[in-house]
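Next, two complexes with chain A in common: one pairs it with chain B, the other with chain C.
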Partner chain A sequence: MIISEKSIELHIEDDILIARKVARQEMADIGFGSADQTRMATAISELTRNVIKYAGHGVCHIITESTPSEIVIKVEIEDYGPGIDDINKAMEDGYTTGGGLGAGLPGAKRLVNDLSIESRPGLTKINLEMTRPNV
Partner chain B sequence: MITTDISAKIENFDITKDVLNQLPCMVMAVDRDFNVLFLNAVGCKWLEEDLENLEGKKCYDIVQSPHCRTDNCRVKQAMENDRVYVWRNKMTAAGKTFPIEYTAAPLKDKEGNIVGGLEYVVDISERVKIEEEVRAHSRTIMELSTPVIKLWDGIVILPLVGVIDTMRAQQIIENLLFSIVENEAAVAILDVTGVPMIDTSVAQHILKTVSAGKMLGAEVIITGFSPNVAQTLVTLGVNLGDIKTSGSLRDGVSKAFDIIGKKLV
Partner chain C sequence: MQIPILKLKNILLTSIQSDMTDDDALKYQSDVVSYLEKSDAKGLIIDITAMDIVDSFMARVINETARMARLMGAKVVLCGMQPMVALTLVEMGRELIGVETALNLDKGFDKLLEMITEGVDDH
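Let's look at the complex of A and B:
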């Protein structure tokens, strides 16, 4: 099993681009196709932008695993901001407190299928995961 | 075997020590209280220290970084969470400060108990220099890629290349709207063929551009959505509504000529 882990600190908008780029690269390295790369990179873009917009700063961990049968990417995005008040509401299409489109969270969930959120004041953690057969 | 006695350690190492000492990066091991257990030759050189003099010294006494003595210290996190971390940082050693990448891992005894942490540190001055050059270069491309071209009387076109961030999106809108007014354009084409990815915040800027264009009396046509980008936008649930889109720039241009009443031959 090959495992790689990269962490990107999120402070400024450029860091969003770095996180996206690293994810694409890591995914390409273990054999994810370009459509999956775009889906994951877009989801990461949404969530890391939320970190910078709503929490100020945070961290994005990108972990990839490759076994003979599967390739996996796990992304953990963490911030130490105010937390998401009402997760159910935030997951609704069109809900925004920041003048956005309100499509980031629900859209990211549809893009990667596997998304979980844990949030309280001081710590918000979002996990994304994508698994494909290793062909 | 892991012991916390430096002199015993030195005797136990032979090949391993030779290898570690010849590695062109700094390798350091500390116990749970950050007392230095080992520092390889490169580390000694960087820090201008002798291994024998390190007895009783803490890592943060001989090397300084913004992470030192904070919860951000990856060696501390590696010990606490039993995980490996790779991180970029700055390091000050013997009066010199330079960019580094450090990998931190828990240090374990034979039974697998975490007895400290280890790290290896790579000087990335060269890499950072190259990255800065690349960044400066891509900034130039970005600036070059925002001018609006007047294609025909009444038609302006703005080809976008590369990654769009929100700042650049803002600049793009302004350029396009300004040129609509300046050229009294009836149609503006925004070509996104060169854009690998569009998220909701960039999509929002595109939507704003289209409605601002309308207010100025111009139709804005978006061309060149790649299949991946189009599919992603649909999945995100971004409603492009009544925005005119065309698969290729060529189709978009002919649509534009239709609008101003000229057939493209």
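Let's look at the complex of A and C:
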């Protein structure tokens, strides 16, 4: 099994671009197609923007694994901000506390098979995962 | 990063690059509307050929820029959307509602000229 891990500190808007670029490259390296690369990079863009906007700073960990049978990308985005008050509400289309359209989190969930959120004041972790057969 | 706004006859031509921060996007939006006022252009082409990611924020900026330009009396065509971008926007449940689109710059230009000469109502 080949494992690669990259961590991107999230402080400023430029870091959003870096995180999604790194994810796309890491995915391409182990054979994810361009549709999946775009899905994941777009989801990362939505979620890292939330970190910059609501928490100020955080980290995006990108882990890729390649075995003879499958390729996997796991992304963990964590921040140390105030946390998400009501996760169920935050997953609803159109719900926003920041003046946006409320499309970020529910949009990201639709793009990625697997999205989970843990949140309390001071620590929010969002995990994304995508697995495909290694062909 | 400054997005160039080119004037070709009575049309404004802009091509958005992928690596644009949120601040760049908002700056682009206000640049377009102020250039529109100064230039007396009748149409605006927003080319997104170079964008490999359009998230909900960028979708909103593009949508709003088109609406602003229309409020000022210009016709607007969005062109060059990459297939994977179209795919993610639809999957996310976002659409660029009310923006006329074309496959590429060539077709976008034709469409815009048609809309200007015929005074077609693009919503």
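Everything below uses one rule, namely that the second predicted complex is superposed on the first by the 135 of 135 C-alpha atoms of A that agree within 3 Å, B and C clash if a C-alpha of one lies under 4 Å from a C-alpha of the other, contacts with A are read in each partner's own complex, and residues count from 1 in each chain.
What we mean here is this: a contact is a pair of C-beta atoms (placed from the backbone, for glycine too) under 8 Å apart; a residue touches a chain by one contact, two chains touch by 3 or more.
In this text, all values refer to a predicted model and were calculated from it rather than measured experimentally.
Contacts of A:Glu13 after superposition: both chain B and chain C are touched. Residue contacts after overlaying the shared chain place A:Asp79 against neither chain B nor chain C. Contacts of A:Ser34 after superposition: both chain B and chain C are touched.
Within chain A, the residues touching chain B in one complex and chain C in the other are 13-14, 16-17, 20, 34-35, 38-39, 41-42, 45-46, 49, 93, 100-101, 103-104, 106-108, 110-111. Note for the complex: chain A touches chain B at residues 5-7, 13-14, 16-17, 20, 34-35, 38-39, 41-42, 45-46, 49, 93, 100-101, 103-104, 106-108, 110-111.
Those residues of chain A lying in contact with chain C across their complex are 13-14, 16-17, 20, 24, 34-35, 37-39, 41-42, 45-46, 49, 93, 100-101, 103-104, 106-108, 110-111. Interface residues of chain C, counted against chain A in their complex, comprise 19, 21-23, 52-57, 60, 84-85, 87-88, 91-94.
Only residues 83-87, 163, 165-167, 196-201, 203-204, 228-229, 231-232, 235-238 of chain B touch chain A when the two sit together in their complex.
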